[in-house]
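Which chain is which? They are A, B, C and D, in the order written, and residues in each are numbered from 1.
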Amino acid sequence: MKKLINDSEAVVDEMLDGMLAAYPEQLRRLDDTEVMVRADAPVSGKVGIVSGGGSGHEPTHAGFIGDGMLDGAAAGEVFTSPTADQLNDMIEACDSGEGVLCVVKNYEGDVMNFETAGEMAAMEDIEVRQVVVNDDVAVEDSLYTSGRRGVAGTIFVHKVAGAKAAEGAELDEVERVANKMIDNVATMGVALTSCVTPDKGEPTFDLPDDEIELGIGIHGEPGTERVDMMSADEITDHLTEKVLEDLDLDEGQEILTLVNGMGGTPQSELFILNRRLQEVVSDHGLETWDAWVGDYMTSLDMMGASITVAAVDEELKELLSADADTPALTV
Amino acid sequence: MVDEPTQQEAIRAAAEAVADRLEDEKEYLTELDSAIGDADHGSNLARGFRAAADAVADDEESTPEELVKKIGVTLISKVGGASGPLYGGSIMSASQTFEEGVTAESSVAFAEAYLDKVKDRGDAQLGAKTMVDALTPAVHTFKKSIEVDELPPLTAFAKATAAAERGVEYTVPIRAQKGRASYLGWRSVGHQDPGATSTWFIMQELLEVADD
Amino acid sequence: MKKLINDSEAVVDEMLDGMLAAYPEQLRRLDDTEVMVRADAPVSGKVGIVSGGGSGHEPTHAGFIGDGMLDGAAAGEVFTSPTADQLNDMIEACDSGEGVLCVVKNYEGDVMNFETAGEMAAMEDIEVRQVVVNDDVAVEDSLYTSGRRGVAGTIFVHKVAGAKAAEGAELDEVERVANKMIDNVATMGVALTSCVTPDKGEPTFDLPDDEIELGIGIHGEPGTERVDMMSADEITDHLTEKVLEDLDLDEGQEILTLVNGMGGTPQSELFILNRRLQEVVSDHGLETWDAWVGDYMTSLDMMGASITVAAVDEELKELLSADADTPALTV
Amino acid sequence: MVDEPTQQEAIRAAAEAVADRLEDEKEYLTELDSAIGDADHGSNLARGFRAAADAVADDEESTPEELVKKIGVTLISKVGGASGPLYGGSIMSASQTFEEGVTAESSVAFAEAYLDKVKDRGDAQLGAKTMVDALTPAVHTFKKSIEVDELPPLTAFAKATAAAERGVEYTVPIRAQKGRASYLGWRSVGHQDPGATSTWFIMQELLEVADD
């Protein structure tokens, strides 16, 4: 499989340099790391919001650095959590003295490395909090799993936490709204093809032309179920029903929806899903307050999509629609 | 107890051997991780252990404890993912058992401390289809062989390595409860755990080096 | 090949409905057409800026409708120019009496249909002008071709014309700046894979795993040359040299660059190209004023990219950085 | 000269036959367009001619001229791309040659007007590897067969259709100068032009219907 790369080991490094070359005024890369921060970090008087995780999910994470969203983002190797020392460097660079909130997706690697980093930062007297996003309803949260994964709903958490911090709120408050968002968001995804990592150079899993994977994560993992290919409407119905079942919302509830592309999906197809999604949620008596469509949290070149629904109240709506100015999202 | 300088040499040689082996097994481990994970375990470990071997290669100053710690610290900062803190963090924290050098006793202590730390950090019990499944029988066998059966260390470690292999095989027919494989639910059954496999490979190399 | 669609004949219709569901306040679809216009079209006192062409290039064209850019966009079938009657409907809906500028990409189908539409609109006393974008340097403009194609550089033309019209400029002036932009922009593209049209369901051309197509257009056409796979840097060098050769700029010239993804390319790879692009232009003594990176003009799910360079002066810079508020671009 | 109602029936039957044929050839035409274009010629024409056949199917009112014009107008609004204005616009504008009904003479006039309009709109000379290459020999042969050789119209049209086929074959070894295929430069050599091919298919169907 062909890729526009020079060397599979240099992908993350060169990607970050190319990103910096595109946004030289907004971004700064910490020396000798794969950490990107706001050019003006730390922003004095503001709680720092940081995130990070494996690479391959672009525009996540660094694409959401900027006013009203993230102060820093650490990029691990493709699909591999960043290391604790780099996470610590990031936390230090984003702390203005008001403390730092880490938005972590629920993967054991991410959680363990962020925890270690948090301990290291605490030793430097930085107040660090962690919120763990686990919006993926495909994976049951039970004793028999390591919990639900964090996927596309993470973007909403970045947005809400970033907006609250931009208001000048304290760490406690920022953490509270982030957790409120986490408690109210659910996602489920589908893959039509596997992604190809630069390192392996071949599809992570084989998926015949008449089958799809339901309940995939964002790391090229196989999903929870392999089924026969279905129409866009059938797929949307299936994903949306699972998501709504999990959220169990009252009629009339206002919601924010996201149809997220996995990287290799034409935008036209995402809109075809959105068309059906809006029919389904309206059939459930829900009120769409806003609908996002696009590539927010990808899996390299995977063809597929995820559907996210979040219940929103006045507070969340205000934070979600507050100004943001980042490479990947301008509100 | 061998001379200290010889211990350091052995540690450097072991690090080198492990790094070489993991480079050789990189594709195989990633293949295993493709089936039930995210296709990076091979490159994570190959990258990390190569850096670790390089980090200690020219270090003529450090004590055995310091060398082992350095390996752990390097893994923490080079591996990432779940296996980074598990391998790196546990090696780092268990390294203090070598304060007085590497002996049969301190090796048992290291093995126990390492296993405890992995279980503590990863919160995985036996049978969750993780590296813990290879590690536990290996550590139990090693400890018993030394402390109860009073076997020579090399023989004990050979038995421990064989036990690890049994653990690797045991991961195949069971359902994952931890790590990325757990997301697959029942579909994880029938696949071999990458982390258990790499644990066994590493032990094989340590055995080789110890044997020389 | 799998796609997230229901019916290959309904792709454009359902995509437009899904888009409308995502931007109900910004967009309006003309009844019984595949034409999308600003919700508030025609904007009184403003020259209308319209575009259009085959579908499959999303976010082009309708994604650029909004304040500071397009007033209307007509979507043909996938890779097929819209029909003259729908183009005429669009022109009528976007004329506030100040006239309408049509931004046309240089394809015979597009040009002929826009010409017919222009004649129809003229019969209704609407002043219509056409500018034809032909930025693709892969195709020589000679007696033996139908001229250079219009590709990703079209986005800059939309931006410049839209900004000028938003200032309240007259049709002559808007046409002038659009042509100025056209005269100063050049693009060249590469494909790693063919795209798959919903209709055909299979790759338009076969491309082995060790070969790439240079000089592709945006319709899944094969390129001008098939060569062995190269590294990202080599590809970037090749495309950029061709583009710069065509533009023949003086040292110190300020430029705007665009690394455009063809739809199936991970964003990380686009940044890897951008990194090298900036090195190359700087080696040529050019000054990057701004660098855009992203999926602006796609070919469905094709893996590949194009590189665009535009020479900019004070006037163009002002127009390019003027406010714009559209689904796909916010400035 | 046949009765007017019979002429309208023949036009409707021809439209139907052409629509059916293009549906059958849809994949083949698109295949040709994949090689040197953008893989849509088959669906463009199938969609357009089906709509055109439907548009005239129940029209019992219109004159032959009006029916042909309606076919052209429908093609303009349903085909899109390059072939939409070329086929549709040219049929629409040539339709006025049928003002006095369809005769051998008016058919020659139609053919000439149609060719002129295609060349006018598309600006393609002979040998540019377009539909013009099938159309020109067909129209020239038709005109000469009727006007010089005074052959019966059906024989003349059969010869014209054979000439179109020759034109289709002629497009294979030459380099495109117009249309999307021109973007390929020398790489267009060796491929058959889709628009020339569809022109020939349409003539074959018109011949069938006229023969009945």
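We adopt the following convention: a contact is a pair of C-beta atoms (placed from the backbone, for glycine too) under 8 Å apart; a residue touches a chain by one contact, two chains touch by 3 or more.
Protein identities per chain, from UniProt: A, C = Dihydroxyacetone kinase subunit DhaK.
Just so it is clear, the structure is predicted and the values come from calculations on it, not from any experiment.
Asker: Can you list every chain in contact with both chain C and chain D?
Answerer: none
Asker: Roughly how far is chain A from chain B, going centre to centre by Cα mean, in whole Å?
Answerer: Computed from C-alpha means, the inter-chain centre distance equals 32 Å.
Asker: Between chain A and chain C, what distance separates the C-alpha centroids? Give it in angstrom.
Answerer: 29
Asker: Just the number, please: Cα centre separation of chain B and chain C in whole Å.
Answerer: From the centre of chain B to the centre of chain C is 54 Å.
Asker: For chain B and chain D, let me know how many angstrom lie between their CA-based centres, rounded off.
Answerer: A distance of 75 Å separates the two centres.
Asker: Do you know which chain D residues sit against two or more other chains?
Answerer: Expected reply: no residues.
Asker: Which of line, ring, star, complete or other matches the graph of chains that touch?
Answerer: The chain contacts form an open line.
Asker: So which chains actually touch one another? I want all the pairs, not just one.
Answerer: A-B, A-C, C-D
Asker: Spell out the part of chain A that touches chain C in their complex, as residue ranges.
Answerer: 1-7, 11-12, 14-19, 21-22, 55-56, 58-59, 63, 192-193, 209-210, 212, 229, 231-233, 235, 263-278, 288, 291-293, 295, 298, 300-301, 303-305, 330
Asker: Mind listing the chain B positions that touch chain A in their complex?
Answerer: For chain B paired with chain A, touching residues are 30, 34-40, 43-44, 47, 76-86, 89, 121-122, 175, 177-180, 182-185, 187.
Asker: In their complex, what parts of chain C are in touch with chain D?
Answerer: Within the complex, chain C touches chain D at residues 54, 76-86, 107-109, 112-113, 116, 138-140, 143-146, 149, 197, 199-200, 204-205, 217, 219-222, 224.
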